[in-house]
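Both complexes shown next keep chain A, but they swap its partner, so chain B is in the first and chain C is in the second.
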Partner chain A sequence: MLTSIKSHKLQYEGQKLGMMYFRVALVLFGAQLLMGLIAAYQFINPDFLYGIFDFNVARMVHINALVVWLLYAMIGSVYMMTPEETGQEVVGVGLGKLAFWVLTLAVAVVVVVYIFIQIGPGKESTIWLINEGREYIEAPRWADIGIVVVVLIFYFNIFATYMKGERTGIMTVMVADLLALAGLYLAGVFYTDNVSMDQYWWWWVVHLWVEATWEVFVGTLAGFALLKVIKAKREIIEMWLWIEVLMLFGSGILGLGHHYFWIGTPEYWWEIGALFSALEPVPLVAMFVHVIYDWGKEQGAHGGSPVINNGPTMAWVTINAFGNFLGAGIWGFFHTLPQVNVYTHGTQFTAAHGHLAFFGAYASVLIGMFYYGIQKAYGIEKLKATFNSKMAIVLITFGVIGMTVALTIAGYEQVLVERAELGAGWDPYFTAQALPWMKQAMAWRMIMGVVTFVGFVYLFIDLLTIGKKEANN
Partner chain B sequence: MENGQSVWTSIRFWRRSAAWVTGFASALLILLTFDTMGQIKMGTDEDLQKGITKRVPAPTVINHHIDYKYSKKRGHEVPVIGDKEPFFGKEWSPKEARALLHKGKLTVQAKNCINCHTILGNGAYYAPDLTKSWLDPKWKQLMAMTNSKTKEEAMAKFLQHPEKYPTHARRMPNLKITPEEAQAVVAFLKHLSTIDTNGFPRGFSKGVKEFEAGGTYAH
Partner chain C sequence: MHPLFIRPEIAANEFLPIFIVASLVLVFGAAYAASITLAKMGFISKKWSFIGYIFWVLQTYSLYDLAVRIHSNSFTLKVLMVAMAAYLFIPHLYFRLITDINKRYGED
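Coming up: the complex of A and B.
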């Protein structure tokens, strides 16, 4: 499958390896959306696949496929940019390819076990072999160990190449960030009977990934894409990149506190979490301003004619700038203060934020990198958006925003009725779930999920065909 | 400063600032982590005997009556550990209670509970939050439905055969939970309800009676 995405024009073996990661990422993206549709439909018709493929299975595969496809696309993007930034072939690329196959095999086994075995008895063996039962990092322990080994190989590839080649500011940030990103995974690889302790360290992985190291990662990636696509000045990109590191880590690391309001941890996290997470949207605004400002400035420098040598990548990077600010920044800030969060914590509000943030901050820029890979693989000087690219952009973006709005409305209703009026619990929960506002919102979420999926089909077809089409032009 | 450039456009300045700020934030996080680890370490049976309040009490807390009451001093509800009461008809020794909690936590993970429910508010949003589920007034109805004498018995029966006791269109599936696992999960949930969550969830099930009586607080 996906062999029609050729990589023969790529100069570097490292970039071919990057394309291999992109292909798997795309397939997993599709799997993520399908599982999302099943889970969304179960909200409307709870009898659907009841006792066969229950909500917890669909939802687990939905969020795991998301995390894994983003990680695949991230690794692919690093293999894509490293040779160009360092001017070097990736060191140990053969080992890197072996690691790719090991990881892909492991992912396949984990998914098959999730889908067919689903759950196990309440013993250590289940944690080791079937499912760890911790949100986002459900992968069983054997797979954890495999992931650590593969990531060590990947990091060796990149670090050795960096040391050997030119050490640009972009690569310096990337290499430092990847080390933190990989190291943090270890905080999630242990078992404890103390659920507060469990969640404390679990957030080290989840939060310090998505609200710190992944954010710096996409900042770096967006910088690289702008460098290549609109030929922005390297000094401007690199200066902004350090400002982003300063602000993202300055707010994101202690912003971790907003997950420590209610899990048994002391009250001082209220103040720390509130203060620092309130600062989190700041660098995201800066990112947006930086993208547009640099673009306008560079346009002018080239005598007024816009120089965009990859239309789809530029479009997805622009969506990233808006989406990151809105999804991670605004939707995150909506419910981050403890006075609000005591009611919104654990409601559809979180789901609304999650959908727009993961799409806006991560999926968008990584789809942009898929197109960058295609452009390089076919040796196309100027890649223009096709009808399919445009349909994908419009439908996926519209679909995700639609889902977010629907879930936000569901969240408001849940917060006000279940939490504020009735005070949480079994009956309050189902009372809120049964109200027409919730049902309508869930129906709209389903519809917008289908729109997103149709957009994905356009994206899939486009990625398979755009290279050949444009290369012939 | 590069060639008399302003400090605001100097890459070196921003790089150094980024390193300092990141280092400072990380150091503060590590410091706070040490303090928090001390505060959320599970208490001991001795603490319980002496009435020392712990944010996460010892497993033997399952031998006590649990309540969740408004504290004027703190401005929200806090768990109140009361007198001893039998749990599944007996008092559990520290060793037994620890083993039971261990099995319960493992079962909660093995059955993938958090991909429908939330625990301490984290998880999925397809089913009710479990943080204070031990204290849920709904168990009274379930005691009648399952023909049980105690709350824990009703919970264990429900967990083993949730498909037999539907309360809403959205039903919990049968997760092949054994009688021993069910007992352990109930212990886990009772222990969970004793964790000091800084008042989350707020006003637990306060409005249900009024709502059921006609959906209004006006009497």
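Coming up: the complex of A and C.
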């Protein structure tokens, strides 16, 4: 069915490869939401699939599918933008296609193992063959090694193309960022028996991805999208980008400290974590203003009539600017300072922040890139939003915000009852779980999850049909 | 034994104000940056840009209030206030750079 997304109008083979990544990303996005719904329902009815497909397994597949579809969409986006920025066909595109199939086969095998074998005994063989038991990056070690090889191929292709073609500011930032992004994965490949040490390195991957390298990636992608969709001025885009890079790395790298508060690391991390975490929202404000500035200024600069040649992409990039600020900024700042975090840590506040930040900061801009890919693939000069595009935007955004609000209420109840009143511990945890505020919040989270999934169905249908429909207009 | 971490005693009825004031820090911060941006872009008259400075004052007060509510020590409080003073200049620095870029490369 996904082959109905054609790519025959694409000028470069590298971009066709990008579309291949987008197709798999879309399927994994759907799988992620489905697993999320199962896990959400298990919060309401813990007996559902108990002993067959437990909550921990549904949650594991939910969050791993999230990371993998985002990575697929990121790789697809880079293959989509590289030929246009460098004016050069991607070097080693045949190797790239081979790597794509190897990666996709590996992901399929890992998912089958997650679903049917699920867990194993506490032995080395489990780490090698089933899963490593670390949130977000649970892939067994054989798959880790495969991922490293595939990413090396991907990076070689992009770097060689960059060196051969035009070296724009956007591509320079992207190439440097990808090196850091790929290199950091290595910190999550080895496993140590000491849990504190393991967590120490594990955060290098998770935090330094989502709060440093991925944020820079998104800034670069948003800059590229603004260049293409509203024809923003390159010099301004690149100047903003360099400032954002400076601020994101300036605050994001040592912001790592907010994950080191309670895992047995030295006390100085409290001060470092508190200070740099407090600074982390600043670049998000800058990114927000950047998009609004470029949109407003560039539209005015072209004679007053709006020049948006891809409505859905622009809508998703705008959602990204707001969502990043709200999800990563406000919902992150809520509970990032150690004095507050000691009460909120591990409550549903974290889940609320995670849902809105992953959607606002990453999913939204990557969905925007799907539409950019469709526009190029069908050779459409001006891609307008359809009814399905609008329904997808409204329902997915409303659904995710609804889930975030519900989880925030649940987290707030946990902070008050489980932590502040009862002093944390085993019994307080279950007392808080049994109260109506928690149960009702979880029911609303489920309802909003269904709304999000319906929005995804609209998105899926739209991506399959919008290209053909608009090309015929 | 030296305690690893002394949990600040925050009263149960203090949590909601803390979460709200933490949000206001960022909301007012974005509003300040947005007001200056809109004034520089000509969407609102420059004489209205003082509203932005009101947002900055509110943001500074919110951050101070947050720091007090969560029992920050006096050094941290000073660092946060210095950061707020720096934040006052950031939007102006951006637009100075943008103006210089436009001068160098010409307006479209």
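In this text, the second predicted complex is superposed on the first by the 472 of 473 C-alpha atoms of A that agree within 3 Å, B and C clash if a C-alpha of one lies under 4 Å from a C-alpha of the other, contacts with A are read in each partner's own complex, and residues count from 1 in each chain.
Note that contacts are C-beta pairs under 8 Å (C-beta built on N, C-alpha and C of every residue); 3 or more make two chains touch, one makes a residue touch a chain.
On a predicted model such as this, the values are computed, not experimentally measured, just so you know.
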With both complexes overlaid on chain A, does A:Asn131 touch chain B (first), chain C (second), both or neither? first
Output check: A:Val342 vs chain B and chain C. Expected answer is one of first, second, both, neither. What do you get? both
I'd like to know which partner A:Tyr429 touches here: chain B for first, chain C for second, both or neither. first
Contact-wise, after the overlay, does A:Met239 reach chain B, chain C, both or neither (first, second, both, neither)? both
Once the shared chain is lined up, is A:Trp69 touching chain B (first), chain C (second), both, or neither of them? neither
If we overlay the two complexes on their shared chain A, which of chain B and chain C does A:Val195 touch? Say first, second, both or neither. first
Classify the contacts of A:Val282 with the two partner chains as first (chain B alone), second (chain C alone), both, or neither. second
Is A:Tyr12 in contact with chain B, with chain C, with both, or with neither (first, second, both, neither)? neither
In the overlay, work out which of chain B or chain C sits against more residues of chain A. B
According to the stated criteria, A:Ile330 is in contact with first (chain B), second (chain C), both, or neither; which is it? second
Is there a shared patch on chain A that both chain B and chain C touch, and which residues make it up? 235, 239, 243, 262, 267, 270, 342-343, 421
Of all residues in chain A, which touch chain C in the complex? 233, 235-236, 239, 243, 262, 267, 270-271, 274-275, 278-279, 281-282, 285-286, 288-289, 292-293, 296-297, 300-302, 325, 329-330, 333-334, 337-340, 342-343, 412, 415-416, 420-421
Chain A partner, complex, touching residues on chain C are 4-5, 7-8, 10-12, 15-16, 18-19, 22-23, 25-27, 29-30, 33-34, 37-38, 41-43, 70-72, 76, 79-80, 83, 87, 90-91, 94, 97-98, 101-102, 104-105, 107-108
Can you tell me which positions in chain B touch chain A when the two form their complex? 9-11, 14-15, 17-18, 21-22, 25-26, 28-29, 32-33, 35-37, 39-42, 55-56, 59, 76, 98, 101-116, 118-129, 131-133, 136-138, 163, 167-171, 173-178, 181, 184-185, 188, 192, 195-208, 211-212
Which positions of chain A touch chain B when the two form their complex? 39, 42-43, 46-47, 50-51, 54-57, 59-60, 118-124, 126-127, 130-135, 138, 169, 193-197, 199-200, 202, 235, 238-239, 242-243, 245-246, 249-250, 253-254, 256, 260-270, 272, 342-343, 345-348, 350-351, 414, 419, 421-431, 433-434
